[in-house]
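Same chain, two partners: chain A is paired with chain B first, then with chain C.
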Partner chain A sequence: MTFIELGSGSPDLSYRQRASHVIALAFAVFALVIGYNLRNTGLFSTTRYENVEAGIRAEYPRNWLFDNQGDYVFRVRNMTRVGFKTTIQVELRPVGAAGSTRSILDAISLERFQSLAAYQVINVDASTPLADDIESVTMAYTYADTDRDPFLQSIPTVVRGVDILAVRGGQVVIITFLADATTFESDYAFFERFLSGLEFR
Partner chain B sequence: MKSLTLIAVLLLFTYIVPVTAQQPALDIERIQRATVFVMQVRNVEDNLFITCVSSGTLVSRDGLILTNAHSTQQSADCPGTELIIALNVRSGESPIAQYRAEIAQIDPGLDLALLRITREPDGRLVNRENLALPFVELADSSATRIDETITIVGYPGIADDPVTAVQGTITGFALEPRSTNSASWIKTSAVISGTMSGGGAYNTQGQLVGIPTTAPLRQGILNTNCIPIQDTNRDGIVTASDDCIAIGGFINALRPSNLARPLVRAASLGLDVEVMSLPTTTSSGNTPTISRLFFSPSVNEAGMPTTVISNLPSGSTSLYLFFDYANMSPETVYELRVTTDGRPNATFSLAPVRWSGGSSGLWYIGSSGQPWPNGVYEFTLFANGVAAPTQRLTIGGPPQITATMSDIVFGLLNLRGEPLGNGFVLPSGNTASAQFLYRNMSNGTNWTAIWYLDGNEVSRTPDVWSEGETGSASTSIQDPNGLRPGSYRLELYVENGLAATSDFTLAGAQQGVRPQIFSNARFTTAATPAEAAQSGAISTFSDSIPQLYALFDWQQIAPGTLWTLRWLVDGDVFYEQVSPWTMPESGQNFTAILSSPNRLPDGTYNVQMLVNNLLLASIEAKVGIGQLPIDRFARADGVLLRGQILDSNTRQGIPGVAFILISEDFSVSDFDWNQSKVYALAVTDQNGFFELERPLEYSTDDREIAYSAVIAADGYQPISADGIEVTTETENPLELIIYLSRD
Partner chain C sequence: MTSFTPRLLTPPREKEDIYPYRRVWRSIILEGGILIAIAAGLFLTSGFITDLIPVQFEPVLRIALALTPLVLWLIFSWWAEQRVMQPRARLIAVAVIGALAANAVGEPLINQFFQVEDWLPLSSAIDRIVGYTFTVGITQEFLKYLVVRYVAWPDHFRIRLDGVAYGVAVSIGYVTVLNLHLLVNTPVALDVAAQRVVATYAIQIATSVVIGYGLSEVRFSDPNPLFLALMLALAALITGIAIPIRAGLTNAAFSLEGVFPRPLFGFGFSAVLLVIPIFVGSFLFASAERRAQEAMSDMEDSI
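Moving on, here comes the complex of A and B:
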């Protein structure tokens, strides 16, 4: 019987060589950390927004298209995203004294049934925390987004959305995040950072 | 953002030196894209069956469509209840159903309707603010001239026919009452098929001057065919026993765009007027009749004939055919056939159209400023296909010396026996007088004045002429107990021939020489009409309001008297209704309510009350800042920018890339990703094609307009450019091919 012994002999390294290996590894790790930080700085750099009238202060991703000309307090969209433009929106609606978050969610869903194709609620969760421990309710949903231009040939995109509702006084704040279903998970980090910087006054 | 010079292709449309301002050429592609196919459909157990078809034209970017009323409003001819809008998505192909619509404004008599796109085909609501549809602007149709070239655009059939453009010229105008500042019809030499009814006719600047209009197409008449295209009886085959769609016919008349302006204005602002007491116009069920046809060479400001003639000299350019009508309704189809020396004369004929004059009264159809060649003319009017007695007129030769009476005006007599007042609306009293001119009369000639009240003769005065050959004379009607309010008519006969005639209205109390019919007119706001009647007058509403009440009192106006209620905003009419008075002779708080689904837009609102075209009362109120908001999307002309964005390596279109055009006031370096600085935005489709939602405005010497552009997509190098200008010489639409390089 023949035994073949496989092994690697470690040549003896000098102290200087070992030290240089450690330093090289340290630099590599340091460069990775710097690179990661630089990437995050570029990727997650933000622009400050403050609306005294609405009592909202936020930090939204830099170079997302800011829009406050609609029925919302403001909306930002990532226009460089190929396909559906990842969107974060903040909206205020009046709510009656007897109004509950459940009734507001139902009203929103009824509106969307009328206007969004294949709209469907995935779940409603009461666990999403907001700044200052404001109680909130989260609704996740999907719908099919189609380009409104009838002269173009666009295939509908499946969009995943999240609404976070919080009642403040006589108003309900609706914070919405929308993304292509295929990029929802990766883009959700933007939303989490947005929520962490969101302040109500 | 890294700013790179935009690639050469993009620079192709950059003009550094703007050219002198000039009118853009007819942009037929934009017009064809704005022309829609309107299908009225009937829903039977969730199956949609087409009942009527017509063409229509988008007149606003948010989906207002101008078309005919007869093919959209539910009726016996068109029993459908829903409207489907198909767009000309690709040039040269048949239209594709894209939206559902509802009637926003309608005038059955003018046969015009404004549709509003409201839903997707599957029933989902459309956010109209997000619509960015191609549209056309309305021209001032009163500025059109004979022999002007026009292009008619519409859908000629119901099969695979794409949108079609037909060229022709304006051959004349037809004038009718209540359109004193504009013709009622524009005649054209173009051959227009019946299903192009509701489409558009355009001047050389690409503005809408008229709407091709015909009476509803019916099987077996008007050269129409009826084609079954769906299995409506569900027997498994499409045969003649299935419901069919009428097509064919021919159109030679256009409704001028000026007549559509009030409807467009009201629809675009979302305004709706409710009059508390106006009757809905319905057919009486009696047979429409046309009678007492006669000719006049001209019409006065009250719409009355100046005289009565039986011939015209050579070179005449103005002629009006007057007639009485009764039992008419908007559903009545009327037609004028004119022959010259026995041959049909299309120039002066009017193809079958809907009736716009209400139930009964005096009407005319005529032309002015248009040469009438010499000949013997025969005029035959038809109401629902039934001919009235033909009337003949000879044109040619020198002016004839015949006894003439003309230019009747009515009034109260002053101390010198001259009538005072506004001529055609008199206050109540014991005496009404008429003054008229006469020429070529001979003393001893028999003449007669006959007065009528509401169609019944009340006075006849046969007499022998003794006033001399030429001058003015007067005649009166008296009643010691006071003349009853109502609609009066005077006929003057010379030797048993009608020489002159005119109508006037007697109403209201005497205030000087003028009648006071309407008083205490005021605006107010309230929750209910009853509350409005108790509210005081308000002339300034600082905040926007959901409803505006107009109220007034009235006195001594007889039921049946025709009067006009007109609403204006910032000087533009958006509602005008001529109708018979239906209230008691005197009363208080006649109420009209202006409302809007949202709140009334800021503006200066006016309400006017008229009788016989004479303004008798007017009130004004300001809402908000007293001026309509500026519509930044009002301009339809400009250069359509579209193209394709490709991967420079694969040469494949990149879907989902944003093309951002920055407003003229900002450069790329100023752009901070704020929507307020964006002029237009587009996202590429699955093949990389895009088109901007707004046309680029032309740069001129007076106003230099330079846009900037940004194109950025994850994974690709962004590109941007400043100084993008287009002029009237720029190719339109402007097609771009843009290559993006990977990072």
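Moving on, here comes the complex of A and C:
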């Protein structure tokens, strides 16, 4: 078999060779930008939910599992998460005329002390992350989540949660965000987008 | 005075061309074949091995499996390279820089920035192919291209098959990091680990042939300036197609009779993915070499 060998050393590149590399670089950067756009579309595309009875309109992340069969208005969970599923939940509770957000938070905490392991409130903040400057209170907390199936023999997960409470017309709206403590920071972007699209009527 | 010319009983032996380089295709076939054989052996005997080996040794076994492609490459490519007349330089450098690029740029970009596992697995088939092409595919192939381009090209490209040799070297570095990330961070069963190692290896080697072909053509044939970008796109597309198809073939399908994964389909797909580029690549490289020789002989005739 014969073969052609070009001498070693640093050959001068032809115009076409230089152009090939410049075009390849430009193409790769262009393709990465397309990938970034696809990522944003995939990660942050939403599905609209509207509940006239509760007076809520929301945009929840596409592909999250929707559920409205519990004692809440609705709940969506990211089922692609291994272990604890990142959750956004909207709940309505009646509140008396004398009821304050502080007393509601205390009531919620008392319930959770009894039902959640190692439940601990981190802080309560009176900032208003909701749209239209709706007055609200934010409570951050943690607890240990254990799988209900004992045969799975799983280690408890540390869950970080955030509740946002807003009193509206004799009802308190509780918007809850729950995530594994290790993914909380990255998943919080979903919650922020959810809040920005949340509307009360 | 009479002259005497001896008569030979056998015809004179023709001079044989000595090929002074390592034969790249033979190395790839040996490495791929042995890796598939090891993985198939582990797959068939994983239950027996799990019973035989204490649990604390399983991580060691997984790491050994992750390093198997690298060890095979060192034996059949790098060591073989040292025994030929014209060894290729900087193969180790290309592999090491490929591994560093994968660990420092490729994996964080794919897992933490693109977050492909959060949005692509639930998308439709077409969306997954497009998504994996423009995220995982382009990231991996662009990094591999950059490493070969700036470490070995054009100084160390003497023949066309150097493109494949350096492409495989950078892919081995990349594969090693991918496998270590996968098998160290995720405690998967041995049979699953074996499938993953073969699948990752097959995809990386297949695309390295494409990138190597593109770089060799630019070095020796001066093709259209779009050619290299097209090869980059093709390599990214192969990755983009291979990941969802392999997942679709291997993962369990829901049925009334039960849910059973189909690992043999995954093995078969990886084997096909490894074999096809070798055949197509060897044909393309041979035809490019023949074209170049014809052009050279035409030029000599005209002179």
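Just so it is clear, the second predicted complex is superposed on the first by the 167 of 201 C-alpha atoms of A that agree within 3 Å, B and C clash if a C-alpha of one lies under 4 Å from a C-alpha of the other, contacts with A are read in each partner's own complex, and residues count from 1 in each chain.
Methods note: contacts are C-beta pairs under 8 Å (C-beta built on N, C-alpha and C of every residue); 3 or more make two chains touch, one makes a residue touch a chain.
Just so it is clear, the model here is predicted, and its values are computed rather than measured.
Once chain A of one complex is fitted onto chain A of the other, the partner contacts of A:Q17 are limited to chain C, with no touch recorded for chain B.
Contact with both chain B and chain C is seen for A:N63 once the two complexes are overlaid on the shared chain. Look at A:G170: by the touch rule set out above, it reaches neither chain B nor chain C. In the superposition on chain A, A:T80 makes contact with both chain B and chain C. Residue contacts after overlaying the shared chain place A:P156 against neither chain B nor chain C. Touching more residues of chain A than its counterpart among chain B and chain C is C. When the two structures are aligned on the shared chain, A:A31 is found in touch with chain C, with no touch to chain B. In the superposed model, A:R39 lies in contact with chain C only, and not with chain B.
According to the touch criterion, the shared surface of chain A, contacted by chain B in one complex and chain C in the other, consists of residues 63, 80. Chain A contributes residues 63-70, 79-85, 114-117, 147-155 to its touches with chain B in the complex. Partner chain C is touched in their complex by these residues of chain A: 1-11, 13-14, 16-17, 19-24, 26-28, 31-32, 34-36, 38-39, 42-43, 63, 78, 80, 186. Within the complex formed with chain A, the chain B residues making contact are 1, 33, 87, 89-90, 96, 98, 120, 122, 124-127, 129-133, 654-658, 660, 673-676, 678, 682-687, 689-691, 693, 712-715, 718. Taken in their complex, chain C has these residues touching chain A: 17, 19, 113-123, 127, 130-131, 134-135, 138-139, 142, 145, 149, 154-159, 218-220, 222-229, 232-233, 236, 289, 292-293, 296.
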